[in-house]
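Consider the two complexes below, in which chain A is the common component and chain B and chain C are the respective partners.
The block that comes next holds the complex of A and B.
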């Protein structure tokens, strides 16, 4: 069940109809559903980045909220101080900010593995959280910062009157396009020699080093790419949410990223994507139906870990050959 | 400017509670190699149970009778009982799996326990300040200082001493340390590892619950206190060394002092300084000040 077994042609064969369906979706379902899916796609971009570290490099980060949050706050600062309103400027800001922080934190973290890596990434992300929380005159503290609806494609597509209509159509297509590009880039990365080197490091660090892979350097590059993907997701998330608060920098948000990656299955390429989208529905409906939504999510997580450790996609992949044989 | 001794006492008070929480976390990691993300919730659980029990006995009365203090350990016992149930049911199936799954299941447990407390005790804080005020205060260096805080410091000290004696001076302590050093070898020599694990986990939870129980008269029990405490307990064990009890003591004292100084001199970056301390220690000595590599 390693990611190596996926064939590009087979992936194209089923991803093309899925993509067509996603493009047609806003004309079929109510706008609310589209906006919900937009959130899911944003988290899916973060999951793609997160899984480069967990699934392909074998590093469990408990601090990815830092890069998501940096992407989001970079956008908020661009609005507050530079009066920016173009989504492309937002994305650029998110990439630069999350990339800078990931480059620095990565430098410190890549020497460690396992639980030490997890705690170090968590401690560093908590530094950012406490700064965002305490320096309220810059960050708005727990009230957060408001971000208005941006203009897309260099100002040629504007929000107009109905914000919800903008989010459920034009902005949805924008996020979908970024997601497709991101997924394609990540696909190329994990199937490149660089991606193979990462998997070699994951499977046996000593042997990888022995055959000439510069382990720390490769890990650092993976960390950087992972952080930037998560930062892009953060930048796309703010206009959707309209507000950024320190919550997205807190370590429990990192926990959510781990949650949806494992929910989908971190040993597959598309598992985390599916996991992020399903998680988003799960959380939205749990929050909508009960005040005890955390308990619902916790129970799902515990059951997943005990019963389906391979995740949704991983389990389906394992079952598929058996079903094919039985029929 | 308050006198130095009051600041020192505040630092010690904070260190006592942090040691109880972080010591339990470290003990569990040392023996079982599991980082329990739900540990802070067991601390909160201890606080809630004590607050609830004292509140029930107290009824509407505001005067606390002295024997009410005997109810303090109830929270610790409840947390221990919860731990004794959780380890065999949820953690034991996972020892052979990758540690990602162990972290995740304790994260799931964190979410569940957080809402369980909301379900049982509602969204509003529980207060038992009658116990806190019942002890009165005394005058230190012309400042008034609550006697209860001194009692918490004493309890923290006694707990540290008792734990040391337990781990280094009893038969059970020998078995515990042997399992911690080499689980397979201990098992081969006839130690029932499953039993040691559940005992260690229960003891760790007892300490967390005790931490919650002794601090609840002063601070009250609120939702979210567990998540906040967990991350500071991480700072403590990372500074002292994961799995080391002496390290947890040193880490708790350092965190106590830095936090008290932070609140006084640099309140904005107090938390950031604590997390940075943990990061710096991890970078210089990944195993912590007293940790084994």
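The block that comes next holds the complex of A and C.
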């Protein structure tokens, strides 16, 4: 069995207690910690999408900030121009906007692989970044666009007076629910015949063609799904952050997604999820403790690549049988 | 009845005429060997027929239809499958998944996004059956990258076979394996091909394999067909003896 695949029962057996813990968390930790975890879960959704391309299709994108940013700006535009306040409308806008851009960019990118694919994705995301920067009368330029606290579940759940309480409880549960649904959908996708075809393309493009898989078409669909997942993450992120700026369209934000995935391990399904959550804590605490936080992150990345190339989850998976044998 | 026919098929790489206006036919149901020294054009001919590379000129017909410019995907749909000289597998997937993918593809089910591959019992069982035919059922759960060279060669053919082809192009199915392994590999391939009524074109260097398993032999030399006949006819062909077999059977 591929390391990327796992049996449904086994996954349920350990994910159910984890989920229960996540549900109970806002009642046992300070609200700030819950908000931090909400950011982590949002990034985890983006990481799930990103890893469909990297881990399962073998394509390293340096341009996923484009889809995250499109999700975020779609929400900001919905607020600014449509006066929308429903999170469901925001999500729909994020899906449509990121899906449209991913569909278009994917047409150009998926005909290439390796460094050419990476450079092309990065260049296209930089085009969006410069547009967001220069068209300030639409996008707010470097000041960005503010996004107020949304209503949830068709307006039945509202923020009320305490925004922080809303974000650390009701919004956290909302993000958690979207994350669980997203993870379940992605798990089914990667274990579907389509997912197997993607893994076949990753392993051997020529052979995939010779079993009848139309490689670029499958890559394009994977690119589209990946972009939409990342766009959903962007749409969930912006109410949490309260503001979207061109920074999230910059290629360095794409680099963060690469970091999540390497940190957690791109050869496992949940590796990027864990990587995204840990990265968020790591960055938050590094920023809070030193002005050299980028150096700290850089050192962590170098150590990960050199010492744990399989990432945290990948390494744990490899060590688990040895530990079990020893005990 | 001819299942495959090439007419004046040509492919050059720079000044080298790898396949030089070749007229070549394969009759339905036969097992044919393509022999020749390195650079004779055997693999290029297979690559042209299977669609890996386009011809410079000429025509390829499959079951009477012109497939010269057809895509690889279309050729597979029509019933042409191949294996490779350098084994081409999905190394990180299990042996079982290598075969199931071919079956899903054949059934047009690889576009399914929201159903679990492992839940398709019919495909799973068919894959096990295919692996049994190739003696690989005991290795079903192993990653394809962890197989021995002989097993990899068999799996390469098994993946092509799982597409249920009418014409199977096998590019050196015993290259890189020990002399001891060649006969068992060819026994399995021969049995599977014959029982399935599949037409097979086998590119092979090992003359013992060719003379044992292939009733018809086509010898190529410098991009052209030098001789075409039975094992005895090829053995006794002066041109083949001089250019390909040397003193081996003289």
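The working rule: the second predicted complex is superposed on the first by the 322 of 327 C-alpha atoms of A that agree within 3 Å, B and C clash if a C-alpha of one lies under 4 Å from a C-alpha of the other, contacts with A are read in each partner's own complex, and residues count from 1 in each chain.
Just so we're on the same page, contacts are C-beta pairs under 8 Å (C-beta built on N, C-alpha and C of every residue); 3 or more make two chains touch, one makes a residue touch a chain.
What you see is a predicted model; the values in this text were computed from it and never measured.
Peer 1: Applying the document's definition of touch, where does A:309 land relative to chain B and chain C: first, second, both, or neither?
Peer 2: Touch status of A:309: first partner only.
Peer 1: Contacts for A:95 in the overlay, against chain B (first) and chain C (second): which applies, first, second, both or neither?
Peer 2: Neither chain B nor chain C is touched by A:95.
Peer 1: Check the residue A:147 against both partner chains and state whether it touches chain B (first), chain C (second), both, or neither.
Peer 2: After superposing on A, A:147 lies clear of both chain B and chain C.
Peer 1: In the superposed model, which partner reaches more residues of chain A, chain B or chain C?
Peer 2: For chain A, the partner with the higher number of touched residues is B.
Peer 1: Of the partners chain B and chain C, which touch A:251 in the superposed model: first, second, both, neither?
Peer 2: In the superposed model, A:251 contacts chain B only, not chain C.
Peer 1: Touching A:130, do we find chain B (first), chain C (second), both, or neither?
Peer 2: Only chain B is touched by A:130; chain C is not.
Peer 1: After lining up the shared chain so the two structures overlap, which partner does A:112 touch, if you call chain B first and chain C second: first, second, both or neither?
Peer 2: After superposition on chain A, A:112 lies in contact with chain B alone.
Peer 1: With the two structures laid over each other on chain A, which partner does A:298 touch: chain B (first), chain C (second), both, or neither?
Peer 2: first
Peer 1: Which chain A residues qualify as touching chain B in the complex?
Peer 2: It comes out as residues 54, 60, 62, 108, 112, 114-116, 118-120, 122-124, 126-127, 130-131, 133-135, 251-252, 255, 258-259, 262, 291-295, 297-302, 305-306, 309.
Peer 1: Enumerate the contact residues on chain C facing chain A in the complex.
Peer 2: Touching chain A: residues 50, 52, 72-73, 76-77, 81-82, 84, 88-94, 97, 100-102, 104-106, 109-118, 120, 141, 143, 159-160, 163 of chain C.
Peer 1: Residue numbers of chain B touching chain A in their complex, please.
Peer 2: 35, 37, 90, 93-94, 97, 99-101, 103-105, 107-116, 118-119, 227, 231, 234-235, 238, 242, 267-272, 275-276, 278-279, 282-283, 286
Peer 1: Which positions of chain A touch chain C when the two form their complex?
Peer 2: The touching residues are 1-4, 8, 185, 188-189, 191-197, 199-200, 202-204, 206-214, 218.
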